[in-house]
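Each chain gets a letter, A, B, C, D, E and F, in the order it is written, and its residues are counted from 1.
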Amino acid sequence: MKPDPCAIEALVRAALLEDAPWGDITSEVLLPADLLMSAQLVAREDGVLCGEDVFSTAMSMAGPVAVNFFKRDSDSFSAGDVLADLSGPAHSILRAERVALNFAQRLSGIATETAKYVAETKGTKARIVDTRKTTPGLRLLERYAVRCGGGHNHRFSLSDAVLAKDNHLAALQTSTANDLTGRLRAAFARLPHTTHKEVEVDSLEQIAPVLAAGVDTIMLDNFTLEDLRAGVAQIAGRALIEASGGISLERVREIADTGVDLISVGALTHSVRSIDLGLDFSGA
Amino acid sequence: MKPDPCAIEALVRAALLEDAPWGDITSEVLLPADLLMSAQLVAREDGVLCGEDVFSTAMSMAGPVAVNFFKRDSDSFSAGDVLADLSGPAHSILRAERVALNFAQRLSGIATETAKYVAETKGTKARIVDTRKTTPGLRLLERYAVRCGGGHNHRFSLSDAVLAKDNHLAALQTSTANDLTGRLRAAFARLPHTTHKEVEVDSLEQIAPVLAAGVDTIMLDNFTLEDLRAGVAQIAGRALIEASGGISLERVREIADTGVDLISVGALTHSVRSIDLGLDFSGA
Amino acid sequence: MKPDPCAIEALVRAALLEDAPWGDITSEVLLPADLLMSAQLVAREDGVLCGEDVFSTAMSMAGPVAVNFFKRDSDSFSAGDVLADLSGPAHSILRAERVALNFAQRLSGIATETAKYVAETKGTKARIVDTRKTTPGLRLLERYAVRCGGGHNHRFSLSDAVLAKDNHLAALQTSTANDLTGRLRAAFARLPHTTHKEVEVDSLEQIAPVLAAGVDTIMLDNFTLEDLRAGVAQIAGRALIEASGGISLERVREIADTGVDLISVGALTHSVRSIDLGLDFSGA
Amino acid sequence: MKPDPCAIEALVRAALLEDAPWGDITSEVLLPADLLMSAQLVAREDGVLCGEDVFSTAMSMAGPVAVNFFKRDSDSFSAGDVLADLSGPAHSILRAERVALNFAQRLSGIATETAKYVAETKGTKARIVDTRKTTPGLRLLERYAVRCGGGHNHRFSLSDAVLAKDNHLAALQTSTANDLTGRLRAAFARLPHTTHKEVEVDSLEQIAPVLAAGVDTIMLDNFTLEDLRAGVAQIAGRALIEASGGISLERVREIADTGVDLISVGALTHSVRSIDLGLDFSGA
Amino acid sequence: MKPDPCAIEALVRAALLEDAPWGDITSEVLLPADLLMSAQLVAREDGVLCGEDVFSTAMSMAGPVAVNFFKRDSDSFSAGDVLADLSGPAHSILRAERVALNFAQRLSGIATETAKYVAETKGTKARIVDTRKTTPGLRLLERYAVRCGGGHNHRFSLSDAVLAKDNHLAALQTSTANDLTGRLRAAFARLPHTTHKEVEVDSLEQIAPVLAAGVDTIMLDNFTLEDLRAGVAQIAGRALIEASGGISLERVREIADTGVDLISVGALTHSVRSIDLGLDFSGA
Amino acid sequence: MKPDPCAIEALVRAALLEDAPWGDITSEVLLPADLLMSAQLVAREDGVLCGEDVFSTAMSMAGPVAVNFFKRDSDSFSAGDVLADLSGPAHSILRAERVALNFAQRLSGIATETAKYVAETKGTKARIVDTRKTTPGLRLLERYAVRCGGGHNHRFSLSDAVLAKDNHLAALQTSTANDLTGRLRAAFARLPHTTHKEVEVDSLEQIAPVLAAGVDTIMLDNFTLEDLRAGVAQIAGRALIEASGGISLERVREIADTGVDLISVGALTHSVRSIDLGLDFSGA
């Protein structure tokens, strides 16, 4: 389930243009156009790789650069590991270096962080899932990075699944008396049969009417551990259960142990620490 | 020096399309099209604001939403502060909410982090500057966020200034014996007269030949504090001095105290922690 | 659930450019630029309207043309009905006329045809749904036209729901012995929890292993009426049932009467008869 | 006179993106990425082929798929004929299948319908020509399909030929008394010398003043057979004659027999019945 | 027959982006954002105006700048004439100044040069027409400038009229013996009836077979005056006659006097001398 | 420092589309699709070449055309010189001919004109530099052409260097009393350290306060020779000196002899005379 090559090309092309609208003047004045170079992509810290294709695409869009990866997306690596060899025109490698690294470091950062949450919840049935808190323009890649780290994806966008949040319910109830179940059911009836229906609840009391409307997933938002356990018991398999709200690496295990099916973690993508990767040049 | 409105519109339009290629099906089935809403943009932690225009643009592209900011870009805020009021069609506000927040949280995250480095170096002559380690596609905005935090910008791209790094010098010397000064001078002579010329050095010994070539800035990369001080003394105002390499909030003050002019911090943009902002709905 | 105005604008803009890359030379040489006109959009046959927004957008992109619709999308109309009044510069109205009609006639054609299938199956629980056999580039609009006719949508694309067809199953079984249930289950486990899972079967025998894998919908492809009834009985509410394959207006009622949930009709969009609409000019 | 490969690529790329914005999740989870497949493109009814290049382009944009056509554009085929062989990665073929068929079925539908009109008028001098009633965005391809069916093209757009219709003439006469001939002549004098000048008339009386203005083609709109014959006699070769308005397969021969030069048929493109083509998979 | 506003906007937007991808840093650091300015667009030499809309569009895309033109496109002006008044934010006017002038100066240069050729041939029946030797990307505007200067347009592109040149004829005759007339006729029969057919000839002998094929225009390329006169006599009104090849302002009158219908002048657009226009600022 | 291949491709693609939106109908009806041709690119006057890559790209985008240049960009050539050989499908060569020539003739025109200014100032230290008076959309190529002619580039855009002109200074002084030096200094302090700072002065009196603000270049605009000499003496190497304003080939030498560093010549790009290049076909 790799991202489409066309989508990658479009993103990389825009990034290369952003980073050198009128050429790389440093290399152009300093280095002969026919100078060849070899280099290694080296990990400067431990992590999980994501970004092979983006990295290779950036290089090949800049010229005839051969890139040979020793690790694949989803593989773990250690500080000092050589992740890839590359060789080609110095102008091309230096032209694409920063763009290729900017992508690979961020995506590997997301994969690495995700892997920590996944490891932490090992043995439970809880999936670690992403959110829509992704970097504008990079959602396709960032969701892929979450998968490389062993996580799963939530809906892609507002268009491909229903997720009714507190504000929807509040607005609903204002305008339609109190028949939440009936109102949800009527709304769901207008949806394509392929649409997944998820509703967020803030308290145990909301579960019954929501469940009665025929939802696929119930999100228990900012529940205490105790309430999570009560919710799991109450729902009893009649819908998937997603825990959300302020999930951290410290708290994720105890949440998973409550028996929820899904734990959504905004921090996987809204706050990214790039993994330190670098190019070591091994000479002309 | 705000980003161009056209550039902002293009980025926001793409983000809105990414987040709802076929509409927001949740609101469409749950809420009447003519339902109006009011909401407040509230800070859930302390920070420095960046993203007014992006936020407002996202809302106004989704419909006739009125947004009124109480804080401006570059202003500090505290947890609990109401940053803006907004009102308009519920469909529009909910359609744009995530996109508007995704931008504003990231940019405020960068501004906030930058402000910490700037505060830490207060009273020294050192500028905190950004690098090309920005999110692909968002460089224009992220550089603006650095300025909102009190930092300064480095070159925008490979096209608008020369920055010769270790790999350039290594390649150069391979192919041109040892006359680094002469080779740099010859290269510089081919540049437009408006081009700033910066060269990275890894040791004190490299300073003299680089300085003799007529550079504008010398980057002292990964120097010890002692070597930084020696470099400052040796260069003695004949070029600007940039310290770079592994700069952290902990070390930035002692580096600034060596007397360098510029401290470039990749972490300002390569690793971003979003500031927690949220919309509180105050009813229909 | 109207299509996004931005999406409509992009389609209309491209169509206007296609139809007059260098201007409308006929009007330009024949008519004064300040000549105003009034016109009526008139139905020349019975139908169901779809295309209000596209029609109005085409006009307003060509100039300050006021369009006032008397029927709304989803409304039925009869031959001779005036659907809308318009007035504005003659240059603008004539510039946009063909494009506006090309869209509205096709979309109304789809809505009208859909409405016939919906009427034919009235009183049954079967939904009439569309397929991916849409005109390249116009899927968003054509799916909307199906809804205007009272139909429902199936998945939008290959990306937002699983639909395993005969070829997938054949390929699967080649490579994985005969454990269809196990193989499907393993595949489904990799999907986001929001993904709807549908599998096509060609015979009653395939139903059991597919059902056991935990599907949401089973497509009974090209089944006889008798087999459809048997399938409905066998599945017994454990999955939605979609009938597909060579559905025609003549056969749709008897198929609906078998008790299936969904009937997908490629002809709704793969073969479109435009509804005859025209502009009658009522003078300057 | 095949459509430009660049234009085809742009249309196919957009259609592929529309049909799988985030990949083909069914194949991705069900089939190994290295699974190869063979298939045949088979006609399920008689027709005239159009769409070779679009079909092949869709496949090759999705991966290294080899396509070998046995029939060429403009060739007739019968139900059961194998039109092409294809082989390549299963992921690629299944990814492009629907898009490739959507194009080829529609274009072949247009070519097939056109060929019927052409056959019906065989032996007369009348050309069957298309109109601007094409699918928005697909005019280039649909005009090509008309040619594949043996028809000819009319003007491409509002920009490349003059066609003054009743509304133009009405507006003209309002504002310029009754000197139609003089007004047309003055307008024509402003045109490039390469511009073809056609005027629509609704009655025999309008022919004389229009002819006197020096037109290249006169369109006799909605004329009776008798009036068509009278018009042909009156014009007597001094301009080309186009019959238009409600042309059907039933009436086209008797219209052609009146001696007109051109018969324009909106139905060739405004109402398209896709020809039934399918992919038969012959195993991995 | 003004260029389409959408086309103008696209060209101006691209030019503004080219001229300030990251903002106008000079104004931004020097001038307050709320500083207002007035200015006049002044002619520094005589000429014919073309570019009103492009100029105004550039200004209004940069901000709320009011532009009021005192001369219109096609008007003559003298050195010192004030062509327009403008007022608005200093940031906006300075941001758009160069782009607005670059367009208006070039287009006015073309209109002015064209007007000289038109004046020189006054009283003859010869039209001055442009060629396809236009600036890549600006053909729409440059053809408009030719019209503003009193000239006429030739075909827009390779797609909208036939112009068979010497190379076509040479290639034709190689492959089809010597029946030029028959070969041309066969080729023309495949064209839409709206297509203008022009053939270039290099000698008087070629005229007869070309004329016999039924062409609309014959181009006499690089003919002597004597041969032009002979060609005019020989063709005798059976086709339009275009003189081409090395036309200069000095020679154009004697060529027009030979009785040709069209004189095509590549220099109108392939070599442009910008008219000197400038902005005079009249204070804040 | 050749323009980026991607940028060239985008410009050429747009130009090819502009020149044949629906194909080259002349070649399509006249010449067999498999006809091959050879041709030579021949200079019809003396000049300096610029446009190799653009020419070759245009040809290769139109088909498998082999192009072999005998002269390289920056080389001088004489009338009659064969600049390149090409061979390939006649359809492709004729399709791309005009676009390829339009680019190469204009760029060679700029290179040739620049070379004259460079030759005229030989032996002085003055650089001939371009301005922002370039053709909208073609700045990247035209700046390259200036370099091919031996000239140098000035800033690319409003974004990459400061150039404060008379209007800026006038506006500044209005709003900030008379402390020009202080105001400039404050403004410069907000700039990135990589930004080149140039200020235009109109009189000798302005030099001192501008110099005191720490500028990199001072532009002496429309100075007499005497004042230029006085300015050079006064500045005495503390900033670069640019002479500008009405520079002509006749006056450039005497200006260079005053000792200025840079002479900016708008006419290099605002008024271009295309160099006459042509394709001679040598048969099929």
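The working rule: contacts are C-beta pairs under 8 Å (C-beta built on N, C-alpha and C of every residue); 3 or more make two chains touch, one makes a residue touch a chain.
Since this is a predicted model, take the numbers as computed values, not measurements.
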{"item": "Labels of chains that are neighbours to chain A and to chain B", "value": "C, F"}
{"item": "Interface sides of chain B and chain F: same vs different residues, half threshold", "value": "same"}
{"item": "Most distant chain from chain B, judged by the mean position of its C-alpha atoms", "value": "D"}
{"item": "Distance between the centres, which are taken as Cα means, of chain E and chain B, whole angstrom", "value": "45"}
{"item": "Distance between the centres, which are taken as Cα means, of chain D and chain B, whole angstrom", "value": "53"}
{"item": "Multi-chain contact sites of chain B, meaning residues that touch two or more partners", "value": "1, 20-23, 25, 29, 156, 159-161, 190, 195"}
{"item": "Pairs of chains, among all present, that meet the touch criterion", "value": "A-B, A-C, A-D, A-F, B-C, B-E, B-F, C-D, C-E, D-E, D-F, E-F"}
{"item": "In the complex with chain A, residue positions of chain C that touch it", "value": "1, 127, 129, 152-156, 159-161, 190, 192-196, 198, 216-217, 240, 261-262"}
{"item": "Touching residues on chain C, where the partner in the complex is chain B", "value": "1-4, 6, 140, 156"}
{"item": "Complex contact set, residues of chain E against chain F", "value": "11-12, 14-15, 18-27, 29-32, 35, 37, 90, 94-95, 98-99, 101-103, 105-106, 109, 132-139, 157-165, 167-168, 170-172, 174-175, 183-184, 187-188, 190-191, 195, 270-274, 279, 281, 283-284"}
{"item": "In the complex with chain D, residue positions of chain F that touch it", "value": "13, 16-17, 20, 22-23, 25, 28-29, 61"}
